[in-house]
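Across the two complexes that follow, chain A remains constant while its partner is chain B and subsequently chain C.
So, the complex of A and B:
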């Protein structure tokens, strides 16, 4: 971690960048937060990069792109897909960013500690990326001590890691470690839900989405949700700030959001990570990704900055209208 | 709030028989904004139109809903009425209670509530309508004809004679098309070449016509009055402007084994060739796959023998770009693939031929110099069997077509009579499902074949054709009138293969955004009232590309297409559709999704300073070119932030319609 701070200080000092977009220590060890650092002192005092730094910093570059001078941004391999996608959508300016691709050995899911009764972490070792992080040693504020296998407390998305290769960077620092599970793939859960009867499936999503408190965290964190004014807040329509007629209308928020990011979602998983209600929102996006892969051929949003998404491009090989419906009927 | 008038049409009994029109008008009266509602027998009649115009004035209407037929039918009519009465024509909405209601339902119990629902939807929409103004666009006074068969030739001549410039793009090395392959034509038996060649020459010599043979349309952009077309002029390897057409190169060419496409592969041709003697232009092309020079780098005999050095092995394809005001599609037809019809032994015996192959055999310039003979042993046949409807009126869509190819009955009678004329001793049997002869002097022609020439017409189908050891073909058929099995030992079998549109039409339809039917024939803007216009403005059709037809019909349609083109080119300006997309700069996110999905290249982006709630900000914003926008709405659907709206079909209007339907 110190080498990241040292490099950031160097780049600040020689004027290459005007600021540093990184992670700042949180109130607790498990909640570091995205932050813009402007001085060496600040970096020394508060910069952190460890297993809890799951936050994808790409989206913050939208505003940073409009600032004077370059911004140093730390991007993990999976974050670079979002950055590329944002270049494609003209939301970030490549030249305004100095990208350090940081290695990743998998990120931790605080919720999984909570499920083990270890939520109130006082200290934890094994999450520092300098170490071989197979086991995390946790001490809670109640003095409980426990060793848990790293894989058991890792974010779901890291079990199905897309790649440890950065898609875009100026330089790379720190090593990565393969975290992908040997069995299954990211669509297993989608397929399980697909196999349900329509009634079961409806009940499943109604139950999950009923937990939503419309805090908008998913929308605010999502790199694809980059509209200046979200349609849900667009006063040109009669839907903005409207009281919901029933609870299903509330659920529609997530369904519409999934449609809006379809073809642009890189499956970064931030929506589910930040949801305070633990709704598996990423499953809606993955369903779209699976459908598009099957209908239009495999496509990973953000793997480059040019290729148009399958939903916004036409080729003669595209399935004819109605192919999706035929398919859903089996 | 608008002051809305609702006018419910009976359409005689077309609507009134299935919809209680008075109830629809009554229900309209309680809708928000409606100040007047009534019903009338024919809203499109003069009295009906006056009723609308008078009501606009009497009740001070600001918007009108007409519950009638499809807007494709009479939207323009009612917009004109509103315009004359001083109301902006785009304040008129049509509720389609005929095609989408009365015609698809059987009784008033279902029809009436649905018509009321459609009326409410239109009222909800028109409440949000805003007056729109039409713009103007220029007209390029030049037409493009795609396809140089008789359809394209006649269309081009008629337009050129009216004084407008015309370009013909023809894929093959010569114009002439299918008609140039025919021997004689029904029902007058005049020689096909004799009537076609003068027209081909006229095209070549016409000062208003430019010919691009051996060329294909590469891309089309723009819109009615102002199309930009890229044409690929394929390398001929012979300079068109230098070649004198002496033909020495063809005589000297040592590569003589290439399949002769013009003779349907019945004989061979040289590598450097013109498809037929009267080819226009009379300039050969080199078939690089057959040419020894292109395959081995040696030979070069044609170049050595060319007195004017017209041969250029280094010639490359050339792309030219030209502007047109109108485009006519006349890409014609081919016969279907006969390979899947194994029962007729087309693949097994060279003596089973398609009707077009027989046409070449009968032609004096064909592979047998016009002598009727079997392709296997060059013997003159004694027994001939013609099989009708091979792939036409066929239920099996994997190999045949559901439609009647229309021309086969007549050309079969023609071919039978031509053969009988020259070879009276040949016995001809025709297996048919029905003989269809609607047309001037057609039935008389067919009857002559039966009565005067003694052609044996057998109502029934052939089950199998089996090649025999002695070289004959055993034809098993059924005579349905006598209810017996027929066996004929034939020397030759002729298959009347179904026609199908040239397969290139699919690619062309995509470029021109044309609609095609299940059989790849082009759809008309209206099957009865606009039969030569495509649904895309400024695009017209001529010939078999629209559906099976014979030469006189094609020529008549070519004239019809030409007058439509002339009518368009005669205008200096066109009114543009004001229902185009518009982006709200305060909501536009600059993401380019709209630009990526726009099929017309109508959207560009610009950096613009905007004031958003008092904050100045320079943003990347979408701009729509209203001249290029066709109002398809793809952008407004794709826009994630709802910044893109189609005027006349705004997101709010659509949502209001949906809400109205769902909230009943």
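So, the complex of A and C:
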């Protein structure tokens, strides 16, 4: 971690960048926050990068792009897909960013510690990028000590990591480690739900989506949700809504959002990470990704800054309008 | 004092649930929230904090106030019926009970909110002491006792395989009398005292228990409003409503109409000061940046509310925002940062 701080200080000192977008230590090891650092002292005192720094900083670059001078931003491999996609959508300015592609050995999910009764973490070792990140050694405020396999407390998305290669960067620092599960792929859960009867599937989504409190955290964290004024916030239309008036709206909000980001969603998994109700929202996006892959050929949003997305390009090979309907009739 | 074996809890809840509406923490697909008891639902008395507080038992996130419908003789207006039957809230925590006292300042002050008042009057509160408070808890800062809830009708402790229940009000004693079948008398007050002692000693040692509110409170508007720290504190805020919606004391709401096609449903729903159209007026909005919205939330809790309510803070230290903010911002960071600023100034 110190080398990240040193490098950031150098780039600040020589004027390459005007500020540093990274993670700031929290009160507890599991709550670091995204932060803009402007001085060497601040970096030295508060900068952190470890297993709990799951936040994708790409979206903050929309705002930082408009600031004077370059912003140094630390991006994990998965975050660089979002950054590329934001370039493609003209939301960030490449030249305004100095990207340090920072290594990743998987990111942790504090709720998984909580479920194991280990949420009140007093100290934890084995989660820094210098560590193997195989086992986290936890001590709680209640004196419970436990060694937990990293994989048991990792965010879902890290089990199906797309790649540990950065898609865009100015320089790279710290090594990564493969975290992808050896068995299965990221579409397994989608296929499982697809195989359900319509009644089962409806019950499944009701049990998940009925927890929704319409806090909009999924939307606001999503790099693909970059509308200046969301239709659900626009009081000029009846679509504006602060609460789910009924169960129909709970479902529709998420389905509409998934449609809107289809073809642009990089599957970064932030929606599920931030959901206070632990709704696996990424599954809706993955369903669309799987469908598009099958209908238009494999495509990964954000793997470059030019290729048009499957839904924004036209080719003679595109399936006919009725293809989706035919598929659904199976 | 009464005793109930944990094995008998489902039976006990069945008999209460058959006699009245019964609200309990319900576990569903990985999250615990308050809901109406039903024998099919998984009651969860183990999880310390529900995601949403039990606030919406009293002040629902979405609530129809009246309907307007068009008939042959013109329009008719039908107000929604007020709660007029007793109901039970089983397993509520001390912080969440105090939060009701906070909301009372708003909803029971003139003009009285009749929907809220009716629910407050009909509710029988059965509290559950916090066997293992979390690292993120700081109720003691606000003088709340996690070991015994003084605002509850019945105080309850979970000790090993048994629940101990003690009536604290007439209503509470009546409740215990009504459902005495599965309860047995006990004079084992020593176990309860031991449990209380243990909770209080844990609470004292929690990392946030020494949080200082010096510098906050009534009359501090001028000191805090222009503090330069607000900008960096709010920089990472996503402007989502998580903190406001999981908070047991946030009580701002919006009133909207739902067009049913042949009438109007006028309803109210929780609002969030994090949202861009919060307090939007015809002439536009008085807060245009996220920093201003962010500042509003904490100034309301730590300065404006105490100013208008004899020093009472609009926070009970439940720590839900600490736990749930997507980007790890929260009220404790605000309190501490400004406190630091003050200390540095002094030095």
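Quick note on the criterion: the second predicted complex is superposed on the first by the 324 of 330 C-alpha atoms of A that agree within 3 Å, B and C clash if a C-alpha of one lies under 4 Å from a C-alpha of the other, contacts with A are read in each partner's own complex, and residues count from 1 in each chain.
Keep in mind that, in the parts below, a residue touches a chain if its C-beta (ideal position, glycine included) is under 8 Å from a C-beta of that chain, and two chains touch if they have at least 3 such contacts.
In this text the structure is predicted, and so the values were computed from the model without any measurement.
Engineer: Do chain B and chain C fit side by side on chain A after the overlay, or clash?
Structural biologist: After superposition on chain A, chain B vs chain C: fit, no clash.
Engineer: Output check: A:70 vs chain B and chain C. Expected answer is one of first, second, both, neither. What do you get?
Structural biologist: It touches nothing on chain B or chain C.
Engineer: Mind telling me which of the two, chain B or chain C, contacts the most residues of chain A?
Structural biologist: Tallying touched residues of chain A, the top partner is C.
Engineer: In the overlay, answer first, second, both or neither for which of chain B and chain C A:164 touches.
Structural biologist: Touch status of A:164: no partner.
Engineer: Check whether A:28 is in contact with chain B, with chain C, with both or with neither, and answer first, second, both or neither.
Structural biologist: In the superposition, A:28 contacts chain C only.
Engineer: With chain A at the apex, figure out the C-alpha centre angle toward chain B and chain C and round it to a multiple of 10 degrees.
Structural biologist: In the superposed arrangement it comes to 120 degrees.
Engineer: Scan A:238 for contacts with chain B and chain C and give back first, second, both or neither.
Structural biologist: both
Engineer: Can A:227 be said to touch chain B (first), chain C (second), both, or neither?
Structural biologist: In the superposition, A:227 contacts chain B only.
Engineer: Tell me the contact category for A:89 with respect to chain B and chain C: first, second, both or neither.
Structural biologist: After superposition on chain A, A:89 lies in contact with chain B alone.
Engineer: Touch test for A:312: chain B only (first), chain C only (second), both, or neither?
Structural biologist: So A:312 only meets chain B here.
Engineer: First (chain B), second (chain C), both or neither: which does A:277 touch?
Structural biologist: In the superposition, A:277 touches chain C alone.
Engineer: Smallest separation in Å between any Cα of chain B and any Cα of chain C in the superposed model?
Structural biologist: In this superposition, no C-alpha atom of chain B lies closer than 6 Å to one of chain C.
Engineer: Determine where on chain A the residues touched by chain B overlap those touched by chain C, and list them.
Structural biologist: After superposing on chain A, chain A residues 229, 238 contact both chain B and chain C.
Engineer: Can you list the chain B residues touching chain A in their complex?
Structural biologist: For chain B paired with chain A, touching residues are 510, 584, 586-593, 596-597, 599, 605, 612, 619-620, 638, 640-642, 651-652, 655.
Engineer: Going by the contact rule at the top, pick out the chain A residues touching chain C in the complex.
Structural biologist: Touch residues, chain A against chain C: 26-28, 31-36, 55, 60, 119-122, 141-142, 207-208, 210-211, 213-217, 219-221, 229, 233, 235, 238, 240, 242-245, 273-274, 276-279.
Engineer: Sort out for me which residues of chain A touch chain B in the complex.
Structural biologist: 88-91, 226-231, 234, 236-239, 260-261, 308, 311-314, 316
Engineer: Hey, which residues of chain C end up touching chain A in the complex?
Structural biologist: 28-31, 33, 51-52, 61-62, 132, 134-136, 205-208, 232, 235-236, 238-242, 244-246, 254, 256, 258-259, 267, 269-272, 275-277, 280, 322, 324, 326-330, 332-333, 336
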